[in-house]
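You will see two complexes here that share chain A, one where it goes with chain B and one where it goes with chain C.
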Partner chain A sequence: MNAIILSAIFGVVLMMASAFVSNRSLYKTIALACLVLLVGANIAETLGYSFFTIDTHNMLAFNKMGLFFNTICFTATLLYVFISSSEIERVDNYTAEYFALIFFSLCGIAILTSFNNLLMMFLGIEIMSIPLYILTGSDKRNLKSNEAALKYFLMGSFSTGILLLGIAFIYGATGSFGLESIKVGTLQMQLSILEVTGCILLLIAFAFKVSAAPFHFWTPDVYDGAPSVFTSFMASIIKVAGFYAFVKLFESRIETTSFATNPAVGVNWHLLFAILIIATLFVGNITAVFQQSVKRMLAYSSIAQAGFMLFALFSVNAFSKEGLYLYAAGYCLATIGIFAVLVRMKDYTFEGFNGLAKHEPTLAFATTVCLLSLAGIPLTVGFFAKYFMLAAVVKQGYAWLAIVGVLFAGVSIYYYFRVIAAMYFKSADENPAAVATSSTVKIGLAVVVAGIIILGVWPHALLNFLYF
Partner chain B sequence: MGTTQLLFWLLSALSIFSAMMVLISKNPVHSVLWLVLVFFTISGHYILLNAQFLFIVNLIVYAGAIMVLFLFVIMLMNLNKDAEPQKSIWMKLAGAISGGSLLLIFVSVVRSASEMQSKQALLKTGNIGLIDQLGKTLFSEYVIPFEISSVLFLSAMVGAVAIGKKH
Partner chain C sequence: MPIQYYIALAVILFSIGVVGVLTRRNAIIIFMCIELMLNATNLLLVAFSKMHHGAALAADAATKVGVEGQLFVFFVMVVAAAEVSVGLAIIVMMYRNVHSVDINFLNRLKN
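Moving on, here comes the complex of A and B:
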């Protein structure tokens, strides 16, 4: 509850700051201070100090797993704001409003990690996404940004409609919005075809939110059109939070609606998830190979990474759970790091990165580490994240799917290394970076690189928190 | 025949008549106005069923907001005789088939609803549609989603201002 209430309050604080604080450079300081307080409050709740005691009528259930995921997301946001606050200031005049919207989004994330009720899940998804539609269109004079915002908004509302239809079907079949009571209800009664239909509609809506193929079509345009600094937020923190809610929702009902327990109307979830995973990996990786712009390549690579995170949905066991946390942390770190470099470039094409290592060795090194982590090279956290996901699948007895995953990870190395090759082995006369790198960015990137390597050598630095 | 029954037949006849007029009238603006009348008569039925909240929401949302939006769109499109699209015979055929299928489903539903025939609709009784019932549920059991949705609206408002304001 700490995180939900405080993030909403901090959003209001920043909103008010835009009216009463005239010094525009103060906003980012306020935002950073609020984020530090938010992380602190969330850790305090993890340790058992809840500031608010509210009877939630069993609609929200706070457990250590969800709160720990909050901590990962909030810390990543702290790092994100620390690195890119000067870029956020440069987008438009409404800096404080953008920070406020980011806080509201975090409120949605805090609901998504603790919902115990489909109604709260719906609210959480909407609170998380609506600020994003606005952040996407925040570059008002750029037509591409306008187009991206409209596309994202229309497609997003459409998928919300499907989500609501699914919830309505489940409510009609079971008479309850709760996750828990649905569990009890379906064990007692016979499984209804309506509930299965509802679950498949929910699957479609969530596949859209996390941009899994074949519901990914909005992703490249939106990620490409949005201001790069907000693409970074969307592609990292929002995406992993979507996955947490996805897995949390489905792990409670894969059993009861599966083909194995209910041969009459059940769904073969493993087959369905496998199709979804392979389609996502295929579309993401193969299309990323043919991109000319690094930003667009990263959009497709985020689809490909979504394919890997879907493994957590396929195999719900201890391994996949650990893998999801590690993936969340690693993917957030790497994406924030690489976008922090990208916003500094003059030219977003691969050629634009030529000779970056000569002119800006720090930026080039940080980019390399982030790309290696995204590709899943050992000694980076990306390796262990992929390893845990694949191990979870093998443990469920689907080794062939793990092999497919490894093959596509191999493909991904090609387009990640194109950037590295451009930076180190090609030369350019002038400095490809447009903006001088400030010391804040350097410190932030150092934290990113350190996080990637420490977690890559010792993943249990993160995972141990799940069990204490 | 009591007042309630009299009102029921009156409203039903009026709603069917105005629904027909929506389709028959040539002028799109007249169609919309007849549609507003359809919503009013259906809202009247809600009152007969003692559902005041649905009555007022139906009026505000459908007859008020959505129909005004319709009117604006029609006026902006500036429809007249010349701009009317030419409908081919295939379009008419497809419309007849899909409309006929829907009619078939409705007829079969009414015919198979034998258990409903013995029951009478509860007129003027029952308190489930009253506003105080709704308020009690909203502020006791569903108070958390109710309060949290304020964050949703606040973020939408902040966004609308940030997007819509001039420099």
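Moving on, here comes the complex of A and C:
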């Protein structure tokens, strides 16, 4: 509860700040202070100190798992704001409002990690997404940004419509919106075709939100058109939060609606998820190979990473749960790091990275570590994240799917290493970075790199928090 | 009236909305089609709410079963209003730049 209420209040604080504080450089200090307080309040709740006691009629349920996921998301946002605040200031004149929108998005994430009712899930998704439509279009005079915002908005509300129809069907079949009572209800009643249809519609809606193929087509355009700083936020924190909600919802549904429990109308979820995973991995990885722009390559690579995160949905067990947390942390760190470098480049093509290692060795090193982590090379957190996901699938007895995953991870090495090769083995006369690297950015990137390597050597530094 | 009629009506309205979103080129029309989709689900929620309420009435005259379906509808309407305000702002922003609300302009980003 702390996180939900405080993030909304801090959002309002920043909006007020834009009206009453004339010194514009203060905004980022206020935002950082608020984020530190938010992380602190969330950790306090994890330890049992809730500042607010509100009867939510069991619509929200706060447990350690969800609160810990909040902590990961908020800490990643703190790091993101720390690294990119000067870039956010450069987008347009409304810095404080951008921070406020980021806080409102975080409020949606806090709801998504604790919902116990489909109504709350719907509200969480909307509270998380609506600020993002605005952030995507924040570069108002840039046509690409306009188009990205419109496309994102249309796709987002289209998938909301599908989500709502799914919820309505489930309500019709079970008579309740609660996750728990749905479980009980379906065991008592005969599973109806209405409920199964509802579940499939929810699957489609979430596949839209997390950009799983074949519902991924908006992603490259939106990620490419949005201002790079906000793409970083969308591609990292928002994406993993969407996945958490996806897995949380289907955890409670897979058992009762599966083919095994109900041969008459049940769904073969494993087959459906396997198709979704393979399609996503295929589209993401193969298309990324042919991109000329690094930003667009990262958009496709985020689709490919979504394919890996979908493994958590395929095999709902303790292993995949741990894998999801590790993936969330590792993916956020690497994406924030690489976008922090990307926004500094003059040219977003692969050639634009030529000779970065010579002119800006710090940036080049940080990029290399982030890319290695995304590719899943050992000693980085990306390796263990992928390992946990694949191990979970093997545990379920689907080794062939794990092999497919490994093959596509091999493909991904090609396009990630193209960037590394451009930075280290090609030369350019002038500095490819447009702005000088400030010490803040260097500190932030050092934290990113340290996080990636520490978690890559000792993943239980993070995972032990799940069980303390 | 049997519940099947309501389901059929809602699904037809929803499908009209989906087809509209996929085929029309005018951003405002697409927008209205999305609203149609949301309102079709509202209709369905209210119908199911009434159905569950009617079923529970037989056992208990003062039952409150089925209220949550109608509550959900209010939330959907509020969220839809919030979405409309953001969406129209985006469309206006686009109109200022290209003097058109035709989404064929969106093809610029491909490649």
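The criterion applied here is as follows: the second predicted complex is superposed on the first by the 468 of 468 C-alpha atoms of A that agree within 3 Å, B and C clash if a C-alpha of one lies under 4 Å from a C-alpha of the other, contacts with A are read in each partner's own complex, and residues count from 1 in each chain.
The definition used in the following text is that a contact is a pair of C-beta atoms (placed from the backbone, for glycine too) under 8 Å apart; a residue touches a chain by one contact, two chains touch by 3 or more.
Note that this is a predicted model, so its numbers are computed, not measured.
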Determine, under the contact definition given at the top, whether A:Asp221 touches first (chain B), second (chain C), both, or neither. second
For A:Val12, is the partner it touches chain B (first), chain C (second), both, or none of the two (neither)? first
For A:Ile30 in the superposed arrangement: first (chain B), second (chain C), both or neither? neither
Touching A:Leu119, do we find chain B (first), chain C (second), both, or neither? both
Figure out whether A:Tyr94 sits in contact with chain B (first) or chain C (second), or with both, or with neither. first
Please indicate which partner A:Lys140 is in contact with in the superposed arrangement: first for chain B, second for chain C, both, or neither. both
Quick one: classify A:Leu60 as touching chain B (first), chain C (second), both or neither. first
Of the two partner chains, chain B (first) and chain C (second), which one does A:Gly172 touch, if any: first, second, both, or neither? second
Given the touch rule stated above, what does A:Ile130 touch, chain B (first), chain C (second), both, or neither? both
On chain A, what residues does chain B touch that chain C touches as well? 119, 123, 126, 130, 133-134, 137, 140
Taking the complex as given, what residues does chain A use to touch chain C? 119, 122-123, 126, 130, 133-134, 137, 140-141, 143-144, 146-151, 153-154, 157-158, 160-162, 164-165, 167-169, 171-172, 175-177, 194, 221, 224-225
Mind pulling up the chain A residues that touch chain B in the complex? 4, 8, 11-12, 15, 54, 56-57, 59-60, 93-94, 97-98, 100-101, 104-105, 107-108, 111, 117, 119-120, 123, 126-127, 130-131, 133-134, 137-138, 140
Chain A contact footprint on chain C (complex, rising order): 3, 7, 10, 14, 17-18, 21, 27, 30-31, 34, 37-38, 40-41, 44-45, 48-49, 51-52, 65-66, 68-69, 71-72, 75-76, 79, 82-83, 86-87, 89-91, 93-94, 97-98, 103, 105-106, 108-110
Could you pull out which chain B residues touch chain A in their complex? 141-145, 148-149, 151-152, 154-156, 158-159, 161-163, 165, 167
